[in-house]
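Following this line, the structures themselves.
There are two complexes below, and they share chain A, which is joined by chain B in the first and by chain C in the second.
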Partner chain A sequence: MKRKGSPLTGVASIALKEAADHMTSARMHLIMMLVLLTAIGAVYAAIGQIKTTTAQDAFLFLKLFTVAKAPLPSFSSFMGFLLPLLAIALGFDAVNGEFSRRTMSRILAQPIYRDAVLFGKFLGGLMVLAIALVTLWLLMVGLGILFLGLPPSGADVARGLVYLAATLFYTGVWLALALAFSTLTRSPATSALAALSVWLIFTIFWQMITPLLASVISPINPYDPMTMLAQFHTQQALARISPAILYGETATMLLDPTSRSVGPIFMSQLQGALIGSPLPTMQSIKIIWPQIAGLIAGMLFMFTLAYVSFQRQEVRS
Partner chain B sequence: MKSLAKSASFALLGAAMAMTPLLSSNAMAEAFTQPANGPAIHGFWLTADHPDVAVSAGKKVSIPLSLLNALDNPVRTKLAVKGLPEGWTYSIKAGGTDVTSAMPLPNEIDNLTLKVDPANDAEKKTYKFEVDAIANGDQFKLPLSVAIADIPLGDTTLVPELPALHGTVNTSFQYKMKLTNGSNHDTLFNLSADAPAGFMATFKKGYGNEEITGIPVKAGATESVTMTIKLNHDVAEGDYPIEVAAVAGPDDPAAKAKVSLKVSGSPKLLLSGPNDRLSGQATAGSETTFPFVLVNNGTAAANKVTLSATSPSGWKVSFDPKELAKLDEGKTQNVNVKIEPSSKAIAGDYMVHIRAKADGVSKEVDYRVTVETSTMWGIIGVGIIAIAVIVLLGAIFRYGRR
Partner chain C sequence: MSRPVVEAVGLTKRYGASTVVDGVNLAVDEGEIVGLLGPNGAGKTTTILMLIGLTEPSAGSVRVLDLDPLRDPLAVKTQVGYLPDSVGFYDGMTGLENLRYTARLGGIDVSEIDDRIMTALQQVHLDHVANKRVGTYSRGMRQRLGLAELAMRQIRLAVLDEPTSGLDPRSTDELLDLIRAFAADGMTLLISSHMLDVVQSICTRVALFNKGKIGFMGSVEKFTNDVAGGSFQIDVAARKIDLSACVDIIPAVGAVDHRDKEHWMVSATHDVRPELARMITEHGGDLLSLQAHRASLSEAYNRFFLDIEQKEMQQ
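Take a look at the complex of A and B:
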């Protein structure tokens, strides 16, 4: 049966309500506090490191995000690790939480379609994430200006903004994943555990698993050096299934203008190349665009999964 | 004995004849080292190569003396000068030491120098005096004369070996010259060249390395001097005279020489990239054309101009036109440089060396090519996102509005 009208009627009001709920929730505050403290710690350590070691750099500002000082990892790797946690915290009980609180039928009693509920929940979560990330980004830039005593250049800002957008898509992937789990499982605890195990696998264990998988899929023939390359390619392709790896490559490419490729480089490709010369911002974005596109597409696929699953559910229980 | 004295141009001491019987020893004389076909010398001799000398006023006189002992025993000889005018002084030197006697060994020649310092106010005339030698109780006399006179100086000359040279502005012109000191005393000559602006002259002694501004030349001697002239690159074509001078003091002789230098034009190539930039962008695996400009801003036509390039491996660089038979001076030629980076080139900057070569000149420029990432992956990325959106829209279409 076809119904008339836009399926998105009421999305805005649901999204805003959802965002407002998140903003005041203790869960969000706790996770955001964790992210904020680690981020400030990483950037503060990076500033100390930059002050003592770097003499002159055309892209000094971007080093704030990439320089690490033991035992703290760099800002960008902290973000790659902790932001999924924030997204999962926002999304893991988005749908099944409504069921368990028995509020879903009340929402759907309003003159809106079911589509609007899921879209609204996703967009509301994304909105909160965007606000959090922009705040975090501005805070880091402010810290950098304060402690380094120099303003970021135009290229610094452009790269930083693209990095911010890529970070939003990365957290969007995890939000959509958490949303999908919350529609697939009935219990919020189950969906939270499922989302957290995916997070642990992809952020920690995936890098250990891929070499094993690659050696099984394309074994090395010691008499054919090309098989070594083939195995490397297989390993890289497998690793890129993980959004965390894609995000890590994106961060490296965007925040280090001298990096020219994310794949293997042969000596013949380096002949005549001016090593260390920075790439134009557009070129870096072009190189890393497949990774960003992968993140966007992953986010959309995850959301579609959640959407299809939610639309087919019985909601009147 | 007389014939010997004549053939050797020796001023023979009058008493030498008388001495011969006294110290006669013909047998011993045969042992004396002598020219193979000359007559034998016997006895004991005091001689002067040039007994009558002329000198200009105020100059000292050096007269070389020889004591020749052709006897079989050393002869102690007491030497003194008699008959010098009032105010004149003399000294006899043997290798720098003042001596008053000499004792040549048998079959030896003792070389001495008689230095006479005439009085400052000596009149211009001939003064006679004699050297007294007392050997074995016999006395010899060697009459000498010094004439104070106005002696015309010899010519001091500066003679270039090759006075006219030809070359281009890049040539270093070398003039070898002989500088002869015609005066009777050692002189330090200052060397200078009067050349037009844009010419730089340096001097060297002979084939030496040191640049000099002056050169000492002994009286009557000749030294070789090399003058090198380098030109500024903007010197126009033409003939240029250069005057070289070797000057000592205000009263001393000076020598001048005129050399000429013919400069012919030379081509000079200049290669500049599009809009005078030496960097450009190209995409990996596809050809990009860069309009270069080749200029000959030299002073002659450049012949057989060829263009070539050194590029990273796997790159293709071609030129249109690749060769020019001739590029006249002041003329400009547009050259399209087509650069195709290797399809495996990674994004970023690469150096390509582009070279224009003509007869005798070449010009190389380093062109910085920024390889851009192929947009293929960008399109594929957009496609993947589009597929994801289509799937989402399809899901909305299929399951939407419940």
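Take a look at the complex of A and C:
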């Protein structure tokens, strides 16, 4: 059945209202504070480490994001761990919160399509995430310039921007996940817990589980060395279900120009390679593109799930 | 005569095996105030949601303002306002901001928005709290803010779902006055309620819902006449006579209900007090008192659903 009118009517109004709500919410302020403090801590530690160890490095600037000084992890691994929390905080009560505040039926009675509500909420959240990430990124670059006393090179900036975009897709996955849970469950507390469980599993436990799963799925035959490789491939494929792993690989490849591959490399493949020499930016992006595409696909998949479940929902609670 | 504002034919909604709304036919003309009455769970809200296109009917057709709410929902929703049961607003925003948001969603011209909101807020006497957070509003004020939203959008048909539930008598009166004012401005209104006194005082016609069907549709007077089995209830107190046995002589009398030892309730199509007095004295009884009153809507309403239950019991 063909329906008249655009499903996008009102999307901008909803997105702007959602963004304004997020920007002023205490929830967002708290988590942003946490992210900022850890980010500054990590970068500050990294600066100390860089000053003592590497004096000569073509990509000194990018080291800011990847170098870790115990006990703090590096900036990029902090982001991989904490940014999902920010995204979940923005999305976990997006839809069921409207139902429990009894505003949903009134909003749906306005001359807009249901699609606009979900699109608007997702775009609003993504907008706020983008603003937060750009702010964070500029802050880190500024800190780097201030403490290292040197400006980033063109390649540094290019790699940094692609990293920023990948980070946005990564947080988008979690925003869409939280949005999906908020349509699937009726109570905001339940959806928050569900989203946080997924976050814990994928950021902490997944790496511990995958070797076990891989050894069950493709066991090693001691007389056949190729089974070892098969098991490694299985483990890696399983690990890459987690967006956190995909993001980690993306960050490593983009922020460390000397890394060549995210998979196993044979000695024969290394023949003639200049170990330790940086790859051109485009080559790094080409290597890591499947991971970035995976993150985008994950985001779209979770959003589609939320969309289908929301469209099928009855207005009456 | 123009086409009705709302026209529903054979409207049906099923959830799995249960049929919530079962073949409802409804026609509402321009300028009418129609009350949808019935106990909770009779299918009123589901019918309303189908009329404004928020739920798809399982069968049947709806036309609102000569448009199909399923095919052309935006055009319908631009001209139709809906005030849900216990309406919710964003508590952290002021009344003004809440209305601004819906005004933008409704596509009202930005330059007009604030003027229209202030006029609407004055209409519902909320202009003095326009800049207070809705979290501080009372329940009655929220309902009035809901009406202000409808007024601001300048719609042709307003659908109010249980607008007075949970309100104190004074807020209820205020709300009813506002609804009357809306109707006087030419708005067509559909009001669902289980509170009969509300409907009695403002509705031109009522539709009685029972188990997903409309059991009666017509004016309030017609309803009391038809359903109450006579519009008069006469309270008789007498001694030394069994009224139930001999009252059949009077043709206008419908039912007799023996309340206690010397006390009866007689229903009749007109005022039969003189006939009753004559009959009682002729049969040697002592007449103690006779009181007649017209059956109210709520008596007729209770009777209507009682009758249906009794019929079902017999089957």
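Keep this in mind: the second predicted complex is superposed on the first by the 314 of 317 C-alpha atoms of A that agree within 3 Å, B and C clash if a C-alpha of one lies under 4 Å from a C-alpha of the other, contacts with A are read in each partner's own complex, and residues count from 1 in each chain.
Here, a contact is a pair of C-beta atoms (placed from the backbone, for glycine too) under 8 Å apart; a residue touches a chain by one contact, two chains touch by 3 or more.
Please read all numbers here as calculations on a predicted model, not as lab measurements.
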{"item": "Fit or clash between chain C and chain B when superposed on chain A", "value": "fit"}
{"item": "Which of chain B and chain C A:E314 touches, first, second, both or neither", "value": "second"}
{"item": "Which superposed partner A:R186 touches (first chain B, second chain C, both, neither)", "value": "neither"}
{"item": "Which superposed partner A:T103 touches (first chain B, second chain C, both, neither)", "value": "second"}
{"item": "Touching partner for A:H233 - first (chain B), second (chain C), both, neither", "value": "neither"}
{"item": "First (chain B), second (chain C), both or neither touched by A:Y113", "value": "both"}
{"item": "Touching partner for A:L279 - first (chain B), second (chain C), both, neither", "value": "first"}
{"item": "Contacts of A:I296 with chain B and chain C, given as first, second, both or neither", "value": "first"}
{"item": "Touching partner for A:G5 - first (chain B), second (chain C), both, neither", "value": "both"}
{"item": "Following superposition on chain A: angle at chain A, chain B versus chain C, Cα, nearest 10°", "value": "170"}
{"item": "Per-residue contact with chain A, leading partner among chain C and chain B", "value": "B"}
{"item": "Shortest CA-CA distance in Å separating chain B from chain C in the superposed model", "value": "7"}
{"item": "On chain A, the residue positions that both chain B and chain C contact, one per complex", "value": "2-3, 5, 113"}
{"item": "Contact set on chain B toward chain A in their complex", "value": "311-315, 342, 344-352, 368, 370, 372-373, 375, 377-378, 380-382, 384-385, 387-389, 391-392, 395-396, 399-402"}
{"item": "Footprint of chain A on chain C - complex, ascending", "value": "45-46, 49, 52, 54-55, 70-75, 77-78, 80-84, 86-92, 101-102, 104-107, 146, 149"}
{"item": "In the complex, chain A residues that touch chain C", "value": "1-5, 9-10, 13-14, 17, 21, 101-113, 314-316"}
{"item": "Interface residues, chain A side, partner chain B - complex", "value": "2-3, 5, 7, 113-115, 260-261, 265-266, 268-274, 277, 279-280, 283, 286-287, 289-290, 292-294, 296-297, 300-301, 303-304, 307-308, 311-312"}
